[in-house]
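Please read through the structure below; I'll follow up with questions.
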Amino acid sequence: MSWSDLGTIAPVVASVLVAAAILIVDLALPNRRQAIIATALGGLGIVAVVILLQAGHTGSAFGGAYSLDNLTVFLDMIFVAIAALTILFGVDYIEPRGLPIAEFAAILVFAVTGAMLIAGSTDLVLLFVALELMVLPGYVLAGFARRDPYSTEGAIKYFLLGSFSSAILLFGLAYVWGITGTTRVDGVTAALAKVAAGGSIQPGLAMGLAFMSAGVAFKMAAVPFHYWTPDAYQGSPTPITAYLSVGPKVGAFAIALRLFVGALGPLRADWLPVVIVLAALTMTLGNLVAISQDNVKRMLAYSSIAHTGYILVGLAAYAGGQHSGLSAILFYGAAYTFMNMGAFAVVAALQRRPGVSSQIATFAGLGRRDPWLGALMAVFLLSLTGIPPLAGFWAKAYVILAAVQAGGWLTALAVLAMVNAAAAAFYYLRVVVYMYMREPADELRPSSPGLLFRVGLGVTCVLTLVFGLFPAIAAAATNAAGVFGG
Amino acid sequence: MSGSLDSYLVLSGLLFAIGTFGFLARRNAISMLMSIELMINAVNLTVVAFGAFVPALNTHAAVIALLVIAVAAAEATIGLALVMAIYRNRKTPLVDEYDSMSQ
Amino acid sequence: MTYLIPLIPLLPLAGFVVTGLLGRQMGRESHQIAVWAVVASWLVAMVVAFAALAHGFGIGDGAGITLWNWIPALGFKAEMGFYVDALTGCLLIVVTTIGMLVHIYSIGYMAHDPGKWRFFAYLNLFMFSMLLLVLADNFLLVFAGWELVGLCSYLLIGFWYPRRSAAEAAKKAFLVNRVGDMGFALAIMAIWTQLGTLNMQAVFKLVEGGGLSSTWVAVVALLLFCGAVGKSAQFPLHVWLPDAMEGPTPVSALIHAATMVNAGVYLVARCNPIFGAAPGVMVVVAAIGIFTAILAASIAFTQTDIKRVLAYSTLSQLGYMFASLGVGAWTAAIFHLMSHGFFKGLLFLGSGSVIHAVGDEQDMRKMGGLARKIPITYVTMLIGSVAIAGVPPLAGFFSKDEILGGAFKSGFLWVWAIGFVVAGMTAFYMFRLMGMTFWGPSHVDPEVEQHIHESPLTMTRPLILLALPAVFLGLLIGYPPESGLLHQWLAPVFEATIAAGGRTEAAYSFLGIDGGLAIVTTLLVVTAIVAAWRLFGVDMPAIGLHAEPRPDRVREVSARRGLDFLYRGSSAKWWFDDLNNLLFVVWGGRLAGAVWWFDRVVIDGTVNGIGTVTTQAGLGLRRVQTGHVQNYALGIAIGLIAMAIGYFLIAVR
Amino acid sequence: MPIGDSIPLIGIRWDDVLFVALAATLLVSALLVVTLRDIIRCGLALIVSFASLAGIYVLLGNPLVAATQVLVYIGAISVLVLFAIMLTQTKNAPARLVFQTQTLAAAVAAAVIAVVITVAVLATTWPSAGQRLWTSTTDVAHLLFRDYVLPFEVVSVLLTAAVIGGVYLARREISGDGENR
Amino acid sequence: MTLPILSLITFTPLVGVLALTVIPSRHEEIVRRTALGFALVAWGLSLLLLVAFAFGPGGFQFNETVDWIPAFGIQYKLGVDGLSVLMVVLTTTLTWISILASFGPIKERVKGYMISFLVLEVGMIGVFIALDFFLFYIFWEIVLVPMYLIIGIWGGSNRIYATMKFVLYTLVGSLLMLVAILATAFAFQAGHGGSWAGAFDYGQLQAWAAGGHFANDLQILAFLALFLAFAIKVPMFPFHTWLPDAHTEAPTAGSVILAGVLLKLGAYGLIRFAVPLYPFAAHTFAWPIIVLSVVAIVYGAIVSIVQPDLKRLVAYSSVSHMGFVTLGIFVFSATALQGAVLQMINHGLITGGLFLLVGMVYERTHDRTIAKMGGLAAAMPIWSTVFGFFILASAGLPGLSGFVGEFLIFVGSFGVAPVIALASIVVMVLAATYLLWMFQRVAFGALSDFLRGLGGHLTDISGTELVTLAPLAIGIVVLGLFPSLVLDLLRGPAQSFLAAAGVAVGG
């Protein structure tokens, strides 16, 4: 370890310090929520600055366990943004329910620290440990409303299944390690390149890959490893659902990028069929079940499963030989982050007063009751549907472009994705129908969210629009970030 | 027998399977937690076995095993805390009674 | 002179526009502009017509004027242009003269109708359309006029739109016409694709030069004839014309007797080079024509509505004309067209006067003995009846005689034979009409009877004016037979076709076959008239004729075995309306209903079915999400096993 | 110590005997963990299996891991588990029905997984040295603080986070409505 | 630098949207007038475009090109040929008419409505002038949302079903089209050594297609995807069932735009993209499409006959009329193509007018059931006269524009195969049947009990309403007598269409 190593992982260090600072402020200044929020947001701002200072630089630290490249910077920025947005949305929700903000913010920052570590990990052990750092606080967050039976139920389901899958993933990692003889990604790549050249995969390696794939598929909520998603999302406090729907998911795709694209890259022709099947199953099941949901949170949970499927199309395109699939994944991840968080945030805004359900009936007449909130929700939903010129459209377009370029089975997959997207319009637009085309059952007062909340909504909305109107800007970043590893 | 990597790996595999069975079959949250511990121990056994037989992995195996044990401890902490929390709400540790959200 | 031609249709068009837009505001005087527009048009038309006749314009050397390039598409061209030759001239005379008289007549007839302005606007529009049809120099423009006269017919039949039957009849007329129009439209397409032009003179030149294969000539001729059949109400598209009598009587006179229904005859005559080159089709034309003639005459026997009798009579006479065209007696057909236009116009206007007099009653069984009460109407109608019956030397005699003679001499003996019978039938039913209406005891409602009065001068003057040509036209232009004025006029139009047909017209021989036929026919006509007198009565003190009607005898005759079927068939119009009703209204309606069912249940059902299946699949799949965490874990375990097997398969690949 | 490598007369190696004994203990106790009716006994069986696993680690020449196993698993985790059991066992808790309705399916799935692993292991040629190697604790320490220092630090953060989260979740609330935050 | 008139036309309504967002929604009258004002400005600009457009030469004029996403060669590229100009003018005309026609009927959420309409106009104009395949797609999708809202918020009782059906149907097609667009661009890119430059540029794609460089199997798949998208929009049998529902439930102005412009988007797409870019596939599928078109023509007419609802009847008649358009496109004849475009315009004018007229009755009676009507000729004489006029135009009366378009298609297809004309010409009778029968039941006869019950509400049409109808009626008459106004503009586009479509024939 050296100072330069510390410089390379500076964002992570800064992030840990932010978490510590929050806890210290909480101890030093009890009952001063503004101070805690200011610390959290200010700290995240500093972290962002630190990340941006790294932009353009590359390097590795700790003997190659951690590498700094454009991908790291890009993902780190997304994670910081996720954390900041979650705090912006969370305060207004957490407070009325008498839950502690400091713990909320600190645990969240810990989780995001894990995610940021994943982004830079080029070592299997670090990857696993970082993953655990990301998901363990996630379990706590899911159960954060600990007096709420739904929250704790969702959390324990999430936890049990998550640990189960962690064990599976770990088992797979152990075998890959045992066969390749190294934990470093580049070492694994080198070893597997020999395997790929030699042409035969040992059964032990195949089993390891299978366990590993299953574990990663679980984290990204791909079918048939998705079961935890609806219950965990529905049970969690809504702003935390917003976080869970993007943070761990983008994190899981970061693992996929580092692990499958990085380490397992030489074997990509072998895991391609698996990804194709997963993608097809995931988007189809996600959409089909989402159609029949009456609870918006749960519907969005299934929709997030479907989006996993679309992102997997990008991964498949990469495996099919199109490097542009990687930037497509990143673009999708970024676009998805903002539009999906925005959508959950609107749900959270409605649920600001305790006791308001996330049933679709709650949205009846929202467009008239609260025009701004309605319009924002419409923007997010249309973006999720994939209507231009919004972020979601370009996200889909890039993924599809990559898949079409790859050709063969992937073209069929692209067509399936588009058919799915059309079916998805049904349930997204159903919410719009309720907002604009139905009268509310009982007149709810406009829920005028607080300033922070509005800032958060504004940011997500503006980003959704900017990504849509000027995709070239974001695409430049994703293209750069898509080149990593080797 | 004890000098063959295979026997340890098979042993760990059996342990993993037993853990899986417990996780799938037991109703009690703590039982499931214990099953997961069995599975993680199976992984550790694998790691240590690899270390014991593959020279290049020898030292690494111990480090990895230690880290895994630590992670497992953290996981157990969270898990047991969650069990306590939900027990307070539901007054039962039986997981199959936690089904207020489904479909 | 050519610059005058566009004025002929444009004057009525201007009248239509002005009357249509301002008529409502003009109130009682709303007819003025319309009538004057037609009078002006008539004046111009007369100048143009006589110029054309005097110059003897024939194919290709008529007076033409092109206004603008109407449809200048890539690969298609149709111009807005007019062309006048002798045939046009004849038609112009008939159309504008009768049109003008009907306009004048309508001033009185429609005086008290609140929709008078509308009526005159429509009449003007009709004049424009009819003149467009007659004057057009290309097929597409003819078609335009063709459709527009159909529209006017629709508007005028349905003029009293609150009356359900009027609205029905109007629609029926339009639709049946459109069936024929399909053929016309296809003919135009065929002409364009085969010849690359639609200019009629150019087409005729090309056809005469053999530019069209015999198959295509036949196809084009047949398709054109389809259009003619629709417009001129020939079998099997004859069903609309009797119903068209729902319109005001001047309309019946103008459109449904004297002008529009002649359009089909005009079209065939105009296209004589095409038809002349398709002898097979000519036989069809003759057959359809003569069949319609006898069919309609047989129905006219038993109808009791005065206008319907005249309508069937019109059908019958139009059948004559087609028969004449079919046998190659072109000039005779035009001759009959002209004379029929005048006397049938006269008869219709007369019947309008009668209806007017008896308080809008059209059932002849509720008339009788009107001769003395409305003398001018009576006398003019009598002249008309004699003319149509074919009694020499009135107009009808000459024209009909030429047709029958033409058929006989060109070897179409069967046409002649049927035509001969129809001549007798015509005389019979016309005098049946006269008897039931004007002679014998009155059956008029006593209350109405007190108010019976002769029509105003605006109505009777046209009757008198029309009676003159009904009497003298034959002598004027049809004598001597087959070489009279009309023949000289029209010779340039038809001579080429006749020559191409290989038949030179034998000179008319008074003492030969022609005279013999005329005498035989006249004898038959007279016999039929007398028979009608015996059955339906007559009362002409001036020449000492008197016979009481014998309704008992009529009943007895019509009840005879063999005849009772004919009687029932005739009065039921040979069930054509019922057949049409069954075919098109009942079965057609069912078909449309079935198609709609298909649309809702099968096509839309499939669409909704996909939606339902999707939703159901979603509902089914969501059951997997049981809420029990161990179920989820089992699912994951199974997924894990599947994935392991998958990777094994990949590994051993 | 002058004890032979193998049992006299029978010729079976001592460490084989030891391995079989430990492995049998491990599997049996693990099976008891997942099958016993009384959850406290399950916990105790878990301790036994942990202990036998530690024995195997020793057999594999890795006493450091074995020691950690004893300290962390038996010393900390198992005790934690037992406490949790005690806390969540109400007197009238249903003692019957320890198993899910899907026990049979679970057994089949577990058996298939066992077969999959076994087959894969046996069918694979491992880069094995063919003999057990002794792990030097010093080397482990060096490696841990050289190559693995970042994961090590991360694990410490992880434990911190876990403790904070665990405390938050498990903390008994002061009053009915908890803190006034 | 020349005036970017195309961008001006396209984004004038967008400026209007921004202006509307500033105006508080309680000032409904100001909102209405502002929207109308901007629509009229766009209209004026489009007329200016028509005047400035150079007749004669083929190719695109007023081109504007700005790089948008250079990484993929996606451009903001606009340009018009005669076809586009006509469609733009049709769009701007119908838009202001629709907005004006909504003054009375739309009383709720006026601001949102007007915003939707102006956004809709942006999308529609954009579709017609985009010369970048991707930009075209974007505008294509933009159209969807405002229409979805217009039907869904201001529509009739079953509006939600209708609007969802409309959106899902359209999306299924358009998303597959996206795949096809990307596949095409990729094929182009692969053929240019991996350079994306021009991969979405219409001109370059077309030139590449003209060179026969697109592989046949790509053509087949891409064409099918595009065809599905466009066929749904047109709509062609059997993808038409969204149309009756959408029309029936949409507010009057929505129906006008839907029939007047939205259906044209599909036909335009076929002419501009589907055929010229994939000539081989277009020829391969020409006959099946011709058959479908003829089926649509006849089928739509037959189903129209038995419709009990006025709007539904007009909607099904659209299926029949638009069948002519697809027929005209796929017989690959200059005559028929010109007829098809003329028919597109005619259909916009005529059916737009019919929907306006039906809407006027609905405003007064709150009912559209034909069976409840009767005797309107006496109660609303001017309305009935105008209605009759539009009905006759729809029935293809010579002298009015509908006739010319249909006839050109007939002639063109007769030249290709007489059997097509023979099969489809029955519509002359069928159209007259459903139109006149409907007219008879609505206008003729005695005033129905239902209408009598309305008493004084049954007023004849107002001056404003007449203003909305007048331009359409004038257009119908003028184009009927002087179709050359349109046909001359179409010479170039028709020739280049045939040249592009002829590639596969030549080799």
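Couple of notes before you dig in:
So that you can tell them apart, the chains are marked A, B, C, D and E in the order they are listed, and the count of residues begins at 1 in each.
Please note the rule applied: contacts are C-beta pairs under 8 Å (C-beta built on N, C-alpha and C of every residue); 3 or more make two chains touch, one makes a residue touch a chain.
Model, not experiment: these values are computed from the prediction.
Identification of common neighbours of chain B and chain D yields A, C.
Path length between chain A and chain B in the chain contact graph, taken as the least number of steps between touching chains: 1.
Chain E has the Cα centre that lies closest to the mean of all protein Cα atoms in view.
More C-beta pairs touch across the B-D interface than across any other pair of chains. Of all the chains, the one whose CA centre sits at the greatest distance from that of chain E is D.
On a Cα centroid basis, the chain most remote from chain B in this structure is C.
Between the CA-based centres of chain A and chain C the separation comes to 79 Å, rounded to the whole angstrom.
The mean-CA centres of chain B and chain E are about 65 angstrom from one another, to the nearest whole unit.
If each chain is reduced to the centroid of its CA atoms, chain C and chain E end up 39 Å from each other. The centroid of the Cα atoms in chain B and the matching centroid in chain C are 97 Å apart.
Chain E has residues 168 in contact with two or more other chains.
Shown for chain B are the residues in touch with two or more other chains, namely 16, 19-20, 23-27, 29, 32-33, 54, 56, 60, 63, 67, 71, 74-75, 78, 81-83, 85, 88, 95-96, 98, 100-102. With touch defined as above, residues shared between interfaces to two or more other chains in chain A number as follows: 125, 129, 132, 136, 139-140, 143, 146-147, 156-157, 160, 164, 168, 178, 181, 202-203, 205-207, 230-231, 423, 426.
A complete list of chain pairs in contact reads A-B, A-C, A-D, A-E, B-C, B-D, C-D, C-E.
Within the complex, the chain E residues that touch chain C are 165, 168-169, 238, 240-242, 299, 302-303, 305-307, 333-335, 338-339, 375, 377-378, 392, 397-399, 403-404, 407-408, 410-412, 414-415, 418, 421-422, 425-426, 428-429, 432-433, 436-437, 440, 443-446, 481-484, 487-488, 490-491, 494-495. Chain D contributes residues 100, 102, 105-106, 109-110, 112-113, 116, 120 to its touches with chain C in the complex. Looking at the complex, you find that chain C touches chain B at residues 622-623, 625-630, 633-634, 637. Residues 1, 9, 16, 19, 23, 31, 33, 61-63, 65-66, 95, 98-101, 103, 106-107, 110-111, 113-114, 117, 123, 125-126, 129-130, 132-133, 136-137, 139-140, 143, 146-147, 178-179, 181, 202-207 of chain A are the ones that touch chain D when the two sit in their complex. By the touch criterion stated above, chain D contacts chain A in their complex at residues 116-117, 119-121, 123-127, 146-151, 154-155, 157-158, 160-162, 164-166, 168-169, 173, 177-181.
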